[in-house]
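To start, the structure itself, in structure tokens.
For reference, chains read A, B, C, D, E and F in written order, and residue numbers begin at 1 within each chain.
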């Protein structure tokens, strides 16, 4: 049994479905003797983090949760908008990962140019703003939104969403992407299948962040 | 028992001591049921990868090794010069990580600006060249070489090398680094202690690369 | 009498002193027939916006204030940390200015390289992060903090703070700055005197933002 | 009556029509008690600044004018090519604004990405060169020229030119522009209407420069 | 008779045809009294440098050749992939030019934006990687591959390849390129004709590198 | 005898001494059968191009000269301020080189980072502005001015100026420069000696530009 505190994977929206999806996404990294990977819902959060107000409100709630869980050895902000990343880092010296940063940087560790699949067109400008903050916008082959109106919750299950992901991923590969980042917390269910069909690496950002956290706390 | 092929951590120099250090560095990520993390020496390699010729020769040997080990699920080039990274990616679709890229990108997932500790002054220009290729040179707070003449093999053990690392790390923190990357494959023995004393994150690049590889193959 | 709604200059901290300083800073831009320039204190705010939590909390309060004042024709976030800039822009189509952005961009309209005078060393990394987001970090000659411990409230009055500003400004000019931005909302009292002594342009960020707002709403 | 010298808005071409348009553009910023905003024609200039020779010749004439008017408190080079900007700054310590720089920087104070409407395709490369000099080319969503052949003088009046501006602006908004800069000195007549129809900020560069000049001299 | 050692133009593939083409390309720079420009084939090389393994193998052979020819006054790596550039510079203090770098930098000495004509689509990502290393990717108007399947050997002769070059060049000029770089060592035969028809500068990279070498050794 | 028109090397200042220095600098590139390299003084120019007004005036005179010499096959603007570069390119399709651009780009063809030796501190900001325009400021190791007050005319002759160049060059090498550009048209007399003593490449910008021009017109 590990004496390390858990890696806390924080879902800032109130949807238990999404948290359950996160649990499935990271289950493969839960080992006997390894740190517990605990996925937790912020019940007071909105059903989904959609608006900028959602993001800013989630920031404070996430900080409260982190302060209430000093037992954790690392924190993962499991929302592609990374609410409260700067704030979290200002209140703990433990590692804090935002999944967009972790996903994108993991893609750059595998390929020269990366692409991003967004759930919706509207989130692309927000993503680009973060890539500029991160300083890696010059390496973006492109960002493509799913066609049709597919919810975050549905984006990782079923043939309809898979077809949309495949279409977006194929386009990104043509645009020069050597790796593709799934641009929300809910698409992980399709990752492996998509990777095999596209023949380029596909990154689930929550998995990428948890893997980094393991590296930070384990050794 | 995992049915996944091993994560192959390749030491391109012929020093078994260095490979043994790599084994210790990644031992904490070896779990029952997880993929085997296999550290391997290229016996034909030079005692250390020091010159550019060493790098270019190591490139071809590394490719030969990768081709002889199609059973692996991922490859880690465990030398900060990353010999043969482009070549390796041209001959396999499996994930290939160079430890400099993985270390630096992992630092950026934790902090705004990063610093690098080099074993020797002479390797700094080569590192900078790679940061430019990677496109993240704008985020470098600074790179500082160890004072005194400390070998790669000695850089992870003993009080003398620890003192030199602490001095370099302290300087980097003053230069604004929020995370520090150990700029060679041999310093991992001091990582945890240095991290606790500096109170900022310290990244061992081999551990960072293996953690990323786990994320890529496990789930 | 202008039929335009007021330009609302929002002080997110609870210090009426600071707001009074803002009023003095912008008094020269208040004309008969021109829009009212109204400086307002968020009473629920902290005495000063110092920590990242202050920033994130101020973000939501600022948004609430903006929503309660649809009569305004433009909004100025009069805190160098620009709390809630993205949020404010997501809830109104009217012009919203953050004073850091406005100050820095106004400096770039006057000179090739700019410098920033910070009240305290600790705020410099946060400022740099914003310059990267803004994409103009390459034009920064340098940022220098005031020596001694001078509060935001004191930074614009008295010989002691003037001497500290002059020292910082002189250093920035030597570093190549062709214009200097006062890096907090409280230094405006010294602007004109400093400009005359340094012989390079000195920008008060609140004045710069209000000037831009005038340009946006007047014509 | 202000004791401040006038803000001198310099039209480097000989067209009094264009100067008259500048007067209308900035009339709203002329207040009782405020500095006089004086728009002036360089009679020896070409009818329009079209070629690079026009630009270089205008540079010297503009400098002569500035030297003959030491009474001014600030200078605005009211031509999108900004003839003589470096020269003007070398001969006076007073603020000198070029309208391209001022317009673009004002757009960045309001939005993440900006677009530019050019009168003619041919001027786009020259504009891009200046954006690189200014260091903000990475924030350009796009630059689109007016369709049809519309002169500078006509670009701010009439339904035909408005329709062309609306078409260009709509395209820029689709390309991600959060603010649009009118890329010549003559389009200001359509600014407000275009802003209301596009629902994003539209910047007239002369107005932006004069607003900045007010901020520099007033307080 | 010059006492200077020869400028050694190294063809890392085994094709004597290609070397003969290099000889023709640089014949115009061979003067009585000037340094000998000697084009040499690495006989052990592959028929063409196509894969990354070819590049890495060529790197070592090129270094061996350079070491065997200390009489040379400068070295030109006459392959657009520049095999062994870093290695060569680590073993000699004499000037070493890679033709991609030399070609692209020569284009930037003539125009604001440059374009590249690639023999094949597949080589574009490798070229882009090098432009990033070189730090000038922001000045690339575009890179366009020849249509049809034209070999390196054929790319400089005959109407079919000329037509393909003209089509690519025309496209690049429309994309804003003010100069065009021929993106392989074999197209020089068409350079002058293409330049006259496109009315923008066309750069043969081998000629550009030899010209630079002349400048480095002659005076 | 070459049927090519001369390469016209234009000295925009009126000093015949400087022009004579240019002739010496490029004499080594004058071959039987090669194009005439003709160095010409603009007699109406100022004794030296020192102020921005000198630059802007020189721009027009240079253009006049170019128009009066359509027989030339290429033009070199032999002043580090490159007066009239954009203008010259707008009036001729023949190659036009500015020596700063040519020198700096030639340095980048030889080394990862470059340094510049300036005659005087005051010219450094102007040089930096041009490096940003050229887009290669990120590759500058540093720029160092000669100590003492050495004129352009004296900078290429005598032990005093050589000592100052050696000191500046040594400093630049320590700052990481792999090649050094002589930052004015008059230092060429010391180039070879400095190169041998520093053991890194030293670039005379006029020689670099003429070499590029040879490559453009010869073949």
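A few points about this structure:
In the analysis below, a residue touches a chain if its C-beta (ideal position, glycine included) is under 8 Å from a C-beta of that chain, and two chains touch if they have at least 3 such contacts.
Every value quoted in this text rests on a predicted model; they were computed, and no experiment measured them.
Contact with chain A and chain F alike is made by B, C, D, E.
The chains that touch chain A as well as chain E are B, D. Put simply, the chain farthest from chain F by mean CA position is A.
Most remote chain with respect to chain D, judged by CA-atom centres, is B. Residues touching across the chain B and chain F pair largely diverge in numbering: under half of the numbers involved belong to both copies.
Comparing B-C with the candidates A-E, B-E or E-F, the pair whose contacts agree for more than half of the residue-numbered pairs is A-E.
Annotation: 52 Å between the Cα-based centres of chain C and chain E. A separation of 44 Å divides the Cα centre of chain A from that of chain D. Contact with two or more other chains is made by residues 89, 129, 132, 135, 138 of chain F.
If touching chains are joined by edges, the resulting network of the protein chains shown has some other shape, matching none of path, cycle, star or complete graph. Contact between chains, per the stated criterion, is found for A-B, A-C, A-D, A-E, B-C, B-E, B-F, C-D, C-F, D-E, D-F, E-F.
Across the interface of their complex, chain A is touched by residues 112-113, 138, 176, 178 of chain D.
Listed in rising order, the residues of chain C touching chain D in the complex are 25-29, 31-34, 89, 93, 95-98, 101-102, 105-106, 108-111, 134-136, 138-139, 188, 191-192, 199-201, 203-204, 207-212, 214-216, 218-219. Residue ranges of chain E in contact with chain A, taken from their complex: 125, 128-129, 132, 137. Across the complex, chain D meets chain F through its residues 51-53, 55-57, 59-60, 63, 84, 86-87, 89-91, 129, 132-133, 135.
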